[in-house]
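Note that the chains take the letters A, B, C, D, E, F, G and H in the order they are written out, and that residue 1 is the start of every chain.
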Amino acid sequence: MKLEDLERFIERLPFATIDHLRPLTQGHQEVIFCQGKTPEQVVEIAQRLEVAGGSFLATRADLPHREALAARFPRAEANELGRTVYLPPTPEPEPTGRGTILIVTAGTSDLPVAEEAAVTARALRNRVGRLTDVGIAGLHRVLTQTDALRSAAVIIVVAGMEGALPSVVGGLVSVPNSCASGITVVNIDNGFGAAAAASRINRS
Amino acid sequence: MKLEDLERFIERLPFATIDHLRPLTQGHQEVIFCQGKTPEQVVEIAQRLEVAGGSFLATRADLPHREALAARFPRAEANELGRTVYLPPTPEPEPTGRGTILIVTAGTSDLPVAEEAAVTARALRNRVGRLTDVGIAGLHRVLTQTDALRSAAVIIVVAGMEGALPSVVGGLVSVPNSCASGITVVNIDNGFGAAAAASRINRS
Amino acid sequence: MKLEDLERFIERLPFATIDHLRPLTQGHQEVIFCQGKTPEQVVEIAQRLEVAGGSFLATRADLPHREALAARFPRAEANELGRTVYLPPTPEPEPTGRGTILIVTAGTSDLPVAEEAAVTARALRNRVGRLTDVGIAGLHRVLTQTDALRSAAVIIVVAGMEGALPSVVGGLVSVPNSCASGITVVNIDNGFGAAAAASRINRS
Amino acid sequence: MKLEDLERFIERLPFATIDHLRPLTQGHQEVIFCQGKTPEQVVEIAQRLEVAGGSFLATRADLPHREALAARFPRAEANELGRTVYLPPTPEPEPTGRGTILIVTAGTSDLPVAEEAAVTARALRNRVGRLTDVGIAGLHRVLTQTDALRSAAVIIVVAGMEGALPSVVGGLVSVPNSCASGITVVNIDNGFGAAAAASRINRS
Amino acid sequence: MKLEDLERFIERLPFATIDHLRPLTQGHQEVIFCQGKTPEQVVEIAQRLEVAGGSFLATRADLPHREALAARFPRAEANELGRTVYLPPTPEPEPTGRGTILIVTAGTSDLPVAEEAAVTARALRNRVGRLTDVGIAGLHRVLTQTDALRSAAVIIVVAGMEGALPSVVGGLVSVPNSCASGITVVNIDNGFGAAAAASRINRS
Amino acid sequence: MKLEDLERFIERLPFATIDHLRPLTQGHQEVIFCQGKTPEQVVEIAQRLEVAGGSFLATRADLPHREALAARFPRAEANELGRTVYLPPTPEPEPTGRGTILIVTAGTSDLPVAEEAAVTARALRNRVGRLTDVGIAGLHRVLTQTDALRSAAVIIVVAGMEGALPSVVGGLVSVPNSCASGITVVNIDNGFGAAAAASRINRS
Amino acid sequence: MKLEDLERFIERLPFATIDHLRPLTQGHQEVIFCQGKTPEQVVEIAQRLEVAGGSFLATRADLPHREALAARFPRAEANELGRTVYLPPTPEPEPTGRGTILIVTAGTSDLPVAEEAAVTARALRNRVGRLTDVGIAGLHRVLTQTDALRSAAVIIVVAGMEGALPSVVGGLVSVPNSCASGITVVNIDNGFGAAAAASRINRS
Amino acid sequence: MKLEDLERFIERLPFATIDHLRPLTQGHQEVIFCQGKTPEQVVEIAQRLEVAGGSFLATRADLPHREALAARFPRAEANELGRTVYLPPTPEPEPTGRGTILIVTAGTSDLPVAEEAAVTARALRNRVGRLTDVGIAGLHRVLTQTDALRSAAVIIVVAGMEGALPSVVGGLVSVPNSCASGITVVNIDNGFGAAAAASRINRS
């Protein structure tokens, strides 16, 4: 396909440009990043994505965004902690990919980022697991979960106030079959980015 | 003219010093930076600029600034997104300069800075164009607009969350007739500064 | 196996502790990080790894390290640019994993990191490809290589002086079948870490 | 021209990728950035540029780079202070562009960056002027040069240890006919980038 | 005890993991860090700690946390300045340890951190003293208290706006019998961490 | 006087330690820094200073501090912009010192810091002058005031958004009789500190 | 003792001031910090300390310092790795204090800091132990040493390239009888400071 | 005098601009900052200053600068530690100003900055005193010197590794007659700047 032929898959609104090529090329639509957008803008983008693909995911959705989307899409699922709104396809397809994405948190204050990651990973059609509040102050809380860690296909560690947990998880997992050097890090507080990277690994 | 003769073009208020030489030397008046000023101070400066030149531009104008200016100058145009208030001359003169200043944004959250830049560029008598939400996650959104980029006289890239877009635009524009090394950057969130620099290039 | 049984796989020297569990659990031995070690220490560790597994990889090896290892292990391969010394097993096993790890550089000054990554990826039994000096100042240098980028299983972008290249590669690769959000970043100048992460993805 | 047709203008060496489209599209060839390259690599790139266009410019050239280029190209002009080597075309074409690029330095320690900028601006076919050591500790050193500043088409201020000079120059130049807001800044110690930006403005 | 046997001392809630081994191993229970938890979550954790040990300490407790805990545990002592809620055991045991932990503040704005430290130190069964507002602008305010400083077993200096006070206290105390090099520092605004470290020293 | 004799000049409240030696040794009392103190604490300190010396100065006084002080001390002068409350002695003594402290601001948003400095300088018994909104975008606004600058004994430059103004003022003042190298800087937004340093120079 | 009486314990050289009160008050003399001193200055200070107390410790001693001290004090013990020179008293007194200071390193490159700490701790009359190269990439290297960690009175963790090790050690040690919150940190690369703090805890 | 008349006092060399107005306006000539200049350039500037005023001061003079100046000006005094070369006038005039500038150092490694300050203060015609190695680890080293501190007109504290000393000196001096708030700070390692500021205060 030539570059100019791609233009008809691109919908240009006054405040946003929607890329309708993504479902074809990636198996999922664009994700709506609500921060910096008005509720009206978010609803308008969501409508066009719903028309085109029967589904949408909105992240960083504050209360006004969530209320506007709920009013327009009664079937959409809002997650207050993770600040997401997800309209699943009907029927929601089975997860694919090699295995489970395990989301590990160090403390309760990490739950918002973890929830954003969990919803995103589900919307990208992955199976999701959770291991909560296993900071290393009481190291046995995580040591006793070594089997759970080792059975995951990909691990996301959310540990905003405890920089050591990712290394410890890497060290534990490395004992049987992986490599602590292979830990990667995404932007701070970026549950979406963590899930997108994990999904890419899980589904490639 | 000797230095001491310049003093009579300088109006010293208790809280501000207005430089009435600028319309003579630059073709436009001082711009009112509202942040840190009370609405009453902003109106008082605007009145003196209006008396002297029949026009003013106020930037970083929050709601109280905008309401105070609207009450006093019914003809002034407020831009909520860009937080500007502009009182155009009557009649508004035609744009001059070599061509169009094109304002490119990476995402919806860049629109406030882009609007400040657009209003400023207009007030400095430039022709203005826009290319919206062409972040590089879907690279074809910007690749398909190469012709629009190449036809601009000056390009302002506003990409607060995506540091790569200015380089990509530079790389695209350089293919036929310019140089990616020649990209310049202004202060973060500073739409006014971007437009002032662009106007200087466009009109020199 | 109980924790105390692991102790006999751990060899404790006065200046280093060698972990002989890794070949069993990860398919490769510990890697020798030469920085901060004397040439004599590096040779002593290399000897014990060679006895145990017939192979070793040393990174951040300066000239004295490289000379000491070459004198003791004539069959070892030194890479001056990447500052590595690699003693391959005899015979060197075939690469495994799903596909090729492609190492992309923005400029000539990125070659040392790229070489460290290439040797590491090979030692971890991956197939390795290279795409050199495709910084985005001349964007067509990389645009014309889209097919090569898309055929890789994992991509490592080394771009010390050009922060935009990883995003551009992500944007290009996403067109057909992946996601620009899924780009991960390792420590600066850390070719080893990049290769270890890539290998983990390629071989999981 | 289609994207794949561009490939034949791209010369891929093992350590560098040369873009032969630039003389056609920009009126000058790629510039060789020597830092991180061996003298042999620099000479090999220079040879290919000389064959294609009869000229080259090398920046950040240390003594070994300068000696290797001088041995191979006796006609090339080395600038020790600015660390450049320039092989001008024969005959060297007249400068074009609207006027003079004036390079202003605050102190003697700014001369290396200024020289890199001056050679680059000349190689990009601009007329070049200099104003040396006019830091603002003795403000009359620059105040007495207001006419020289105002007669320039573009001004580059190099002031590594004195952040105030660019603002002062902007304030002086603004009095008659320009705008202090329109000052732009390039990377630290980057004489090449300053000259490339200035040339783009001067010649557009 | 084997690792798997530890699991029954770990209580896993949906949002938190409680480690009931700590009273056995350390003489005190887990401390509840309220920041990032809802009042309901804090109360639920407090209930389980109270059932298990008859006591709890909550830090970083904002007004809603404090009100929810007060409603459920009328006997609990809330400290508004230090943002703590402490339910002491009945009867509260005598302090142990070698001596007094003296908490020194530079100014009134240091009192919140100092109060958090004081309540924590008490909950960890230490005797606590205070020396308030002895910043070094009037050096005799602290010089005249040298005897009090020297009689303490451990000193915590809280001096958010005056970095010199810890060194001065170290210098004063060193005169008779200790060493200014031995001053340690904990995280900014972290009264809990300061008290935990001090308690460890005082009670070891 | 021996160290222990000083203790009776020190008044130790539960939340503050008042140093009554200062009027004897410095000619003025302690200044009350309100930030981090409750209105009640501020009033209690002010009362003790008023009893001891018939005067007080409070800085960083928010509205509740100002209202509480106004209710208790009707004669006190509140400055809303500078966030100060000053109770002058009756009668207020004449300024002493060698000359005028001139407070120069770059823009309207610098006025709060300038007002804090002005009130402090007056309370420390200095003569005070002001030069307002002379940022260097229009350099003649400050160039035309060279005589005023040169006649001051000490100059305080408040220029939160324009780092170049202090250097320019230094350069101007140096022409006849002083030295641009001799510019000193105090903490950001610290009008009190600037005035205290200036007063020390003016009165020594 | 009055302040003026202390002056006779202070020896003022042209380049240093020696405090001979320390052996009386702390049980050990001043330590010579060699960095920034000439070898001659170091020898002169060492001589005065040796005369006064029969012993000295020099840290940050480069080769010239070590050679000068060895020439003058043949009995002194130089430690090349830790860059220390120690002249022990004759006879060297038995260690005192409650137990062993255990120095734990993450990797070979941490040995210089660890050696400085070990020599300092010995000179301050502590018993010293070592646990080498137990970084957490292979977590069982440290897990298998839990008993050794728990039997120490104080632990110093030196882990310049691995920020997680101190937390992991804290988590392990806390299981039986201490508190991970009680970990303290000293300045980077500061083996002396770590040992001084540890000694203070061990001997108080 | 008009601005254009000042030009004849300005000597413009190819690499430097010498301001011969300074002896008239400030009582001393420009100071030569050697860093970034060749020895030849430094000698040429020194010659012109010597012709004009019979004296010069060069700072940041490395060995080649010092040797070149010594060869040309046998009477000049080089200070190796402070890296200065000073040619005093013949005869050297008596110091003026209100009193002594006292230079206080925390440790031996502060002596180079202190020497640069001392030579500069002398060249600017001030009386100079020194107080050496009075860091606060042994607080009585500085407490016993309170009288010396109080008798100085201006104090310069050089304490590169001990941030608390300036505050402590401020606190000590404040007891009788000054104010700890009035401490000012100059650039790191900038002995010249410290002396220039101190001289300005001492001589105003």
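The working rule: a residue touches a chain if its C-beta (ideal position, glycine included) is under 8 Å from a C-beta of that chain, and two chains touch if they have at least 3 such contacts.
Computed from a predicted model, the values in this text were never measured in an experiment.
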{"item": "Those chains which touch chain G and also touch chain D", "value": "C, H"}
{"item": "Same or different residue numbers at the chain A/chain G copy interface, by half rule", "value": "same"}
{"item": "Contact-pair overlap exceeding half with B-C, pair selected from A-E, C-G or A-G", "value": "A-G"}
{"item": "Taking each chain's C-alpha mean as its centre, the one farthest from chain E", "value": "D"}
{"item": "For chain D paired with chain H, centre-to-centre distance based on mean C-alpha positions, whole Å", "value": "38"}
{"item": "Inter-centroid spacing, chain F versus chain A (mean Cα positions, whole Å)", "value": "53"}
{"item": "Interface hub residues of chain B, defined as touching at least two other chains", "value": "3, 21-22, 138, 140, 174-175, 181"}
{"item": "Chain D residues touching chain C - in the complex, by the definition given at the top", "value": "3-4, 6-7, 10, 12-17, 19, 21-22, 30, 33, 35-37, 41"}
{"item": "Of chain H, residues touching chain G in the complex", "value": "107-111, 132-134, 138, 140-141, 143-144"}
{"item": "Complex contact set, residues of chain D against chain F", "value": "136-140, 162-164, 166-168, 170-172, 174-175, 180-181"}
